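Each of the next two complexes has chain A plus one more chain, namely chain B in the first and chain C in the second.
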Partner chain A sequence: MNLLKSEARKVRYDETIESPLEKIEALLKSDYLLSKRAIGLLLLQGDTEIQNLVKEREGENYKPIEEVAKEIQSRYRYPLNYVITKSRYEEADKITARVLTLPLEFKISFSERLSRIMMNPITGIPILFIILYFGLYQFVGVFGAQVLVNFFENVIFGEYINPFINNIVAKYIPYILIQGLFAGDYGIITLGVRYAVALILPIVSTFFIAFSIMEDTGYFPRLAMLIDRLFKSIGLSGRAVIPMVLGFGCDTMATMVTRVLETKREKVIATLLLALAIPCSAQLGVILAILSSNPKAFWIWAVVVILIFLAVGYLTSKIMPGEKPSFYMEIPPLRMPILSNVLTKTYTRVEWYFMEVFPLFILASILIWMGQITGLFNLIVKSLEPLVNSIGLPDKAALVFLFGFFRRDYGAAGLYDLQQTGILSGVQLAVSAVTLTLFVPCIAQFSMMVKERGIKTAIGIALFIFPFAFLIGFMLNIILTTIAVLT
Partner chain B sequence: MEMPFLKKLTNIFNRNASCHAGSNVTIQGLKKLAIVGSPNVGKSAMFNNLTGAYVAVSNYPGTTVEVSRGKTRIEKEEFEVIDTPGMYSLFPITEEERVARSILLKEKPEVVLHIIDAKNLERMLPLTLQLIEAGLPVILDLNIMDEAERAGIKIDVKRLEEELGVPVVATISTTGEGIDTLKKRVGEFVKVRSKKGQI
Partner chain C sequence: MKISDKAEEILETLWIRTFEENDVFTGLDFLKATKEDAQIEELLKLGFITLSNNQVKLTETGKKEAENVLRRHRLAERLLVDVLDVKGKLIHDAACKFEHLLHRGIDENICILLGHPKFCPHGNPIPPGKCCLDDKESAIKVVSPLSDLNPGQRGKIAYIHTRDDKKLQKLMALGVLPGMSISLIQRFPSYVFQIGQTQIAVDKEIADDIHVLLTR
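Showing the complex of A and B:
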């Protein structure tokens, strides 16, 4: 087969563009990897990156080039980008007409119809709630965080692993000090491994399965369209839906994905909201599991967190100057997800997550163990007690908040343990769930914030969030205690 | 088993939290094949297919925010494959487009594989024309052929090849259909170009 029989296609532009373009091509002396014609066209369109490149390479020679470009730009009413793009599209249309045969009639397919009702607010919002209910609440909250967690917690660890480890350790390690490192309340296996394997793993796995399915069907761009208007009022565009939804999986991952947003302002608002009001999957799963026994507390938690998300977003977008984001997004077709892709994706995400938390959880157990020996641990917990007391929580909750500093999910796991002991009242459950959700981004998320937004912005956000979370907890406690809905 | 784990423990506080499960090996001296195209046309799926590595593939635009690199074997020769973020035009508007363009500007790929969604030929050809205009070694890949066929769209691949003057192939990157032909064409293309002294 003769590969390059015909000449490569060349687009002809208006004569008024072609002759100055030739002039620029002749003036360019350096080699740019892209053809001189392409460089010339980019110069005509006012591409600053290319302007700088050419300025650097051509030196003195740049002046006449710039003059030619300026002269031609002044002759058109529209930006040259528009004129040039238009010619290219016309050329593309001509070619397409010669090679493409369209079907005789366009049927509106089922998936097209489904796509439309997903984006129409009247039908789209109920669909969103159905997806949230089955995908998040039933699958992650009930199946993952209750059924699976119960099984791992109470059966695997509770009946087999923990007694076994405690036994072995008691038998073979004669030193109580060392025993505490592996077994007992805060041991590496009885706490660290148990939190990672029995609590976090099932929740995160179920979340990422649900997420990957929604992702591959193409639901997210439709969701972006659906809530673009709502997001505009908090200074974000529909585009921010993807980092926000991803935040429910892992806020660290999501903070990185805020790169897809256009303006700096939008990126800062999204980073703040992720750090403040989007619980990660582990947190969400545990909170759903804990609050499912108390529907009123669940609704209070949900409403308060959503209101704070909207209010903080709205205020920030008022305070931070800048353009309103524009929104334009390709809507891919709805597709049937391919099982193997969903599974590989879930697997790589869970693997990444697990490899990240597992050593950290073990490290935490070791730190706690050392802290206990030196007495430092109790000192810190004691000093946090007045703080948690001030939002109406018992002394023991101090421990949960200390965990939460370390990792969002670790704190949530701590709350799970605390609730299992049955000492929290309805008000205390709601208050601690809200405060823990808002409270600090974990270490990994914070370091990602520093990397993406710079140290100043990251510290600024953390300094705002910490007192704010406790202030909300404080007020919520007073309100709930006064109106007594939960007693 | 022991060592990597301990290493991981000590590295926790030193490293930057990152979660991109992509492969990021730097490969030196190999010929380069850059995958370009607008968002959500199957670039990452093609990358996975060619390299056997894994980067996340999704049904929403803008998943690839970082450049992934891997290796593939075409006609007994190893190539470095570069997966780029989506771009609509060589005149960049977003950060991702700038990243994608800078690869074309700086890395001098031997093959630029422009992947398009076959269903939207006329909307995607302008970038092909632009890449050709820029003198880049373009091969056009009509991807997602299955959906186009299901929609009753027929494309005369041979004719399109003549019109454009560059090789055109049809593929389905999620299932791997057409990949062998694609590889063959890439091999021929590189051979012809190096004979002509264009590489």
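Showing the complex of A and C:
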């Protein structure tokens, strides 16, 4: 017969629960897949799914059942769920106590010792910085964004693909207009594919390798407990550290992951901060590459962005109504990451990212091409120029900001090209890097914001960020020019 | 000033009627008493209650005295459940006798011992005493919020006090339940504790809600 109905070991509950439970069992008339006792217990625990099922099956009969459940709940101030679960744990303890003995003092293993060192703020915070320095800065910023990007950009594309494509196109396509679609400054292959493959792919891949390693070791819960107090002051709980770190890889993906946060308030704050102050890996990689030649500009950029992250988070948490977040998290044991798992995870993430990026890059190339032949593109660039000039940047930067609309990284990548030509001063580098970091989320992130938070919130956030980014750029330009720390 | 046990019972009932059920007047029949009963006369004489049309009402001094009685009753319940491991119906019956003994600062000592509990085992509020407001601490403590433990201290979870159902569900899902052995590993920046084979990190608010029966 039905296994679920077989006589298993029963948990005896408190008499105050047992007698109404019997009443409910007697009142239940229909046949359910589960035993009547199980149905009764689920009703007492307030399981809405079962309530609806019973309401539907029992019809008129549901009322007295509901009354019994209500009556017994009124006798406990604690939810019955708690009372029932407690009895079950006691029963489980009784069973295990007969067969299981645990040593009174646990031997503290090496991984446990390491775990405690990571959780102790005195040792844990330096460890965090070491991880950030080697994992993010050295591995992603230097190895990914500089060594690998240089190789792909200058060797693969610069020496082989671009000349080859330009040659072929010049040879076989007689029309200059169509030539521009594939080759030249803004061609699909020479610009779109080049940005995606040579610039973005190495950065994103190295980031996700680092992220997967941290994830598999179990470092994130330890990071979360270290940072919870700080995050509380910006309206978030330590739990939000995972989407925030992920945001350094891809803000779009991170916006999706804000689902794990508990309250609506926390989700909105996290979404805003991701859109505003967390640069994605492509952006970060490019910005690091650009600013690496000017350490002072790098520090100004880093300090300004961190301050804005904290200040905007703090103010938002003061203004926004809603319940305060609470923090609780299991701390799993530290584990050695397994290479094959790390690679599989990295592969699926990079694949997701690439499927997202690649069509947009191609589309952007086509739009730019169309804009160019119709003259619309120049018109927009021209109208952006005064805005760009107002924050102290040259006309050419307008192009970069326009690119930024298509994708954050696309804009940053444009900045990279601009910097290569050497026309930006130190102040201009810092100002443009800050403004681009804060600037609107890319199309993909924005559409994810709409999907996760609703159109109103998404537009509200965008409307705040756009003027805010330029305002900060404007002020930063004035301050930096006045105090002249950069040349 | 010592009043009779029966009079204390009446004060207790009246306090619950007044403050938890919002009925200022209570009929004598509800109290199963008559005008001539010694305990009613006693309370009238002390000026704790007023009587009109067989309806009893607490006076201002009566309210204070009644609050004390109730506090003692609920503290007694806590003590019986958390420390002496009394279960079921016995709790109320034993507490009814116990409460009359907790005079002259004994209630205060017990309150400190139990870590200033805010709710009785049934979840009803315990009126705070002077010791709670002063947040008095003593060297010996039996029950204490997790947030007051030192790293390395261990015990059993006595109860989890929270009115937030969702929070309770989450803690339950993590296996944080009364009766479980618990030891604190770390206090700052978050509270980290061990339950069974599991380590869990929580913030101060949650650590305040978890009350631990200390073992030495």
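Just so we're on the same page, the second predicted complex is superposed on the first by the 436 of 487 C-alpha atoms of A that agree within 3 Å, B and C clash if a C-alpha of one lies under 4 Å from a C-alpha of the other, contacts with A are read in each partner's own complex, and residues count from 1 in each chain.
Definition applied: a residue touches a chain if its C-beta (ideal position, glycine included) is under 8 Å from a C-beta of that chain, and two chains touch if they have at least 3 such contacts.
Remember, predicted model here, so these are calculated numbers, not experimental data.
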Partner chain in contact with A:Ile117 - chain B first, chain C second, else both or neither: neither
Partner chain(s) touched by A:Val99 [first = chain B, second = chain C, both, neither]: first
Touching partner for A:Asp14 - first (chain B), second (chain C), both, neither: second
Chain B versus chain C as contact partner of A:Pro221, first or second or both or neither: both
Chain B versus chain C as contact partner of A:Arg259, first or second or both or neither: first
Contacts of A:Tyr89 with chain B and chain C, given as first, second, both or neither: both
Which of chain B and chain C A:Leu339 touches, first, second, both or neither: neither
Partner chain in contact with A:Pro79 - chain B first, chain C second, else both or neither: second
Touched partner set for A:Phe327, first chain B, second chain C, both or neither: second
Of chain B and chain C, the chain that contacts the larger number of chain A residues: B
Overlap of chain C and chain B interfaces on chain A (superposed complexes): 81, 85, 89, 93, 221, 329-330, 332-333
Residue ranges of chain A in contact with chain B within the complex: 1, 3-11, 32-35, 37-38, 41-42, 45, 47, 49, 53, 81, 85, 88-89, 91-93, 95-96, 98-104, 215-218, 220-221, 239, 242, 250, 252-253, 256-257, 259-260, 262, 329-330, 332-333, 335, 337-338, 341, 344-345, 348-349, 351-353, 355-356, 359-360, 362-363, 443-445, 447-448, 451
Residues of chain A that touch chain C when the two form their complex: 14-16, 76-79, 81-82, 85-86, 89-90, 93, 116, 119-121, 221, 224-230, 232, 237-238, 326-333
Residue numbers on chain B that touch chain A, as the complex places them: 5, 8-9, 12, 16-21, 38-40, 54, 56-62, 65, 89-92, 94-96, 98, 104-106, 108, 121-123, 125-126, 128-130, 132-136, 147, 151-157, 159-167, 174, 185, 188-189, 192
Residues of chain C touching chain A in the complex: 88, 119, 122-124, 160, 165, 167-172, 174-175, 177-180, 185-186, 188-190, 192, 198-203, 205-206
